[in-house]
Amino acid sequence: MTAITLSAAAKVVEAATAKATEIGQPMNIAVVDDGGHLVAFARMDGAIKASIDISTKKARTSILMNAPTAALMPLVQPGAELYGLEQLSGGLVIFGGGMLLTEGDVVIGAIGVSAGSVEQDISVAEAGVAALGS
Amino acid sequence: MTAITLSAAAKVVEAATAKATEIGQPMNIAVVDDGGHLVAFARMDGAIKASIDISTKKARTSILMNAPTAALMPLVQPGAELYGLEQLSGGLVIFGGGMLLTEGDVVIGAIGVSAGSVEQDISVAEAGVAALGS
Amino acid sequence: MTAITLSAAAKVVEAATAKATEIGQPMNIAVVDDGGHLVAFARMDGAIKASIDISTKKARTSILMNAPTAALMPLVQPGAELYGLEQLSGGLVIFGGGMLLTEGDVVIGAIGVSAGSVEQDISVAEAGVAALGS
Amino acid sequence: MTAITLSAAAKVVEAATAKATEIGQPMNIAVVDDGGHLVAFARMDGAIKASIDISTKKARTSILMNAPTAALMPLVQPGAELYGLEQLSGGLVIFGGGMLLTEGDVVIGAIGVSAGSVEQDISVAEAGVAALGS
């Protein structure tokens, strides 16, 4: 298998939602497949609408860059090697909250979380990632 | 309440998914709020990827036009009154599968379904609409 | 003077709104200047949201084509001379409801009306045009 | 009610226009509903045309982020948490002049003002916000 199933994606969204509820921060949560195409999405009540696009693009960015979005931040600063990267490939998100979903060492998709602080977004994304292993 | 909750949207997606399974046609199912912003989305295993955008735009079109998307088809034909409508407002979908979600007579959101024949898309969207009333 | 003032544009919107109220059809009404740039806009309560873009583009189309939008419809049909025109210049509207605003024989702007039938849109646009002369 | 009426939006635009006149700076003033869709707009004579888009996007950004646009500026600087935010969600405006319009604690829309200095834009937006309470 190389693309995440809806069943697995729903499990990821559910775990991320539970974590968001636990920390008291409503979130937008997106899961994409190994091609960056949306599989499952949920916007929790009260989560900001700007994060619909941001969460989806975080997941897509992880697939396109084959990396968590948090890894990009130092690379795109003024003076750094990839300055301007965020405007390419249809818009990349360069702050944390996008993470790869893997099965063994195969990438099967990615999760993007947005609406809280970057730290909160990452912790909720990690909860989604962890759900796949269980 | 004028915007659908995630809980209600999830119920709509679940009912639509069940109907899609019943007719043996995997679907993309999107639910948006009363402003056309995505609340919940599911792409069933095997459903075509083009329909991610189409299902979402069907739901959004229903909100923007305050009508089911199937109502638009005769109006936009060559020689008809609204020929060319589909390229306006960021792209409107003019074939069936987008329907309003209401509470009493208040629009609280819309569902968009895409990946099957138009007849199948509409029947799955109707199953989603029906779930709200129960 | 070659560009409509806000004061004149407001008078146009007011007259159009009054006509829309009279015929019982809430409308989106846009007035642009002689460069096609928005000067005044009103969306009446209950008017569909898709028509925000459509009304504005109708007014802009009148400026860009130097003609009422209704004049374009026969020219863009399959087999006709300007087939495909509607997708050019950032999106042109080819059905009625966009009309030039003139002072003497000088174009000073345009009005675009959308949300009703094309006949209704035109009658409301005409009321806006008439307001300038009075 | 969760979406601002045209009547209320017109009152907001009128108060903002009065303030702009008072400080001698012609402005673009946009009011959107709770979904970020335009309800009313006025460009005062002499106000720059670039601000048509900017004022509208300021109002829309306030809705999408559920915050005044001025709050975003420190967050998107090089090295800061949300660096790159402005290019997401269809283009967000990250400088002051966009503010939420509320009724009690319910967001019913937003105002965006643009054409002056940021300080001027904010003071005119504030005049618009204040008009709703009276």
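The first chain written gets the first letter, and so on, giving A, B, C and D; residue counts start at 1 in each chain.
The rule we apply is simple: contacts are C-beta pairs under 8 Å (C-beta built on N, C-alpha and C of every residue); 3 or more make two chains touch, one makes a residue touch a chain.
Labels paired with UniProt names: A, B, C, D = Heme-binding protein.
Predicted model only: the values in this text are computed from it and were never measured.
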Greatest separation from subunit A - chain, by CA centre: C
Geometric centre distance via CA averages, subunit C-subunit A, whole Å: 43
Geometric centre distance via CA averages, subunit D-subunit A, whole Å: 30
Chain centre separation (subunit B, subunit D; CA means) in Å: 31
Between subunit A and subunit B, centroid-to-centroid distance (C-alpha), Å: 25
Numbers and ranges of subunit B residues touching at least 2 other chains: 35-37
Overall pattern in which the protein chains touch one another (line/ring/star/complete/other): other
Which chain pairs touch, all of them: A-B, A-D, B-C, B-D, C-D
In the complex, subunit B residues that touch subunit A: 5-7, 10, 35, 37-45, 49, 52
Subunit C to subunit B touching residues, read off their complex: 48-50, 52-54, 57, 73, 76-78, 86-87, 91, 93-95, 117-118
Subunit B partner contacts - residues on subunit D that touch it in the complex: 2-3, 33-37
Subunit C contact footprint on subunit B (complex, rising order): 36, 61, 63-66, 78-79, 81-85, 87-90, 92
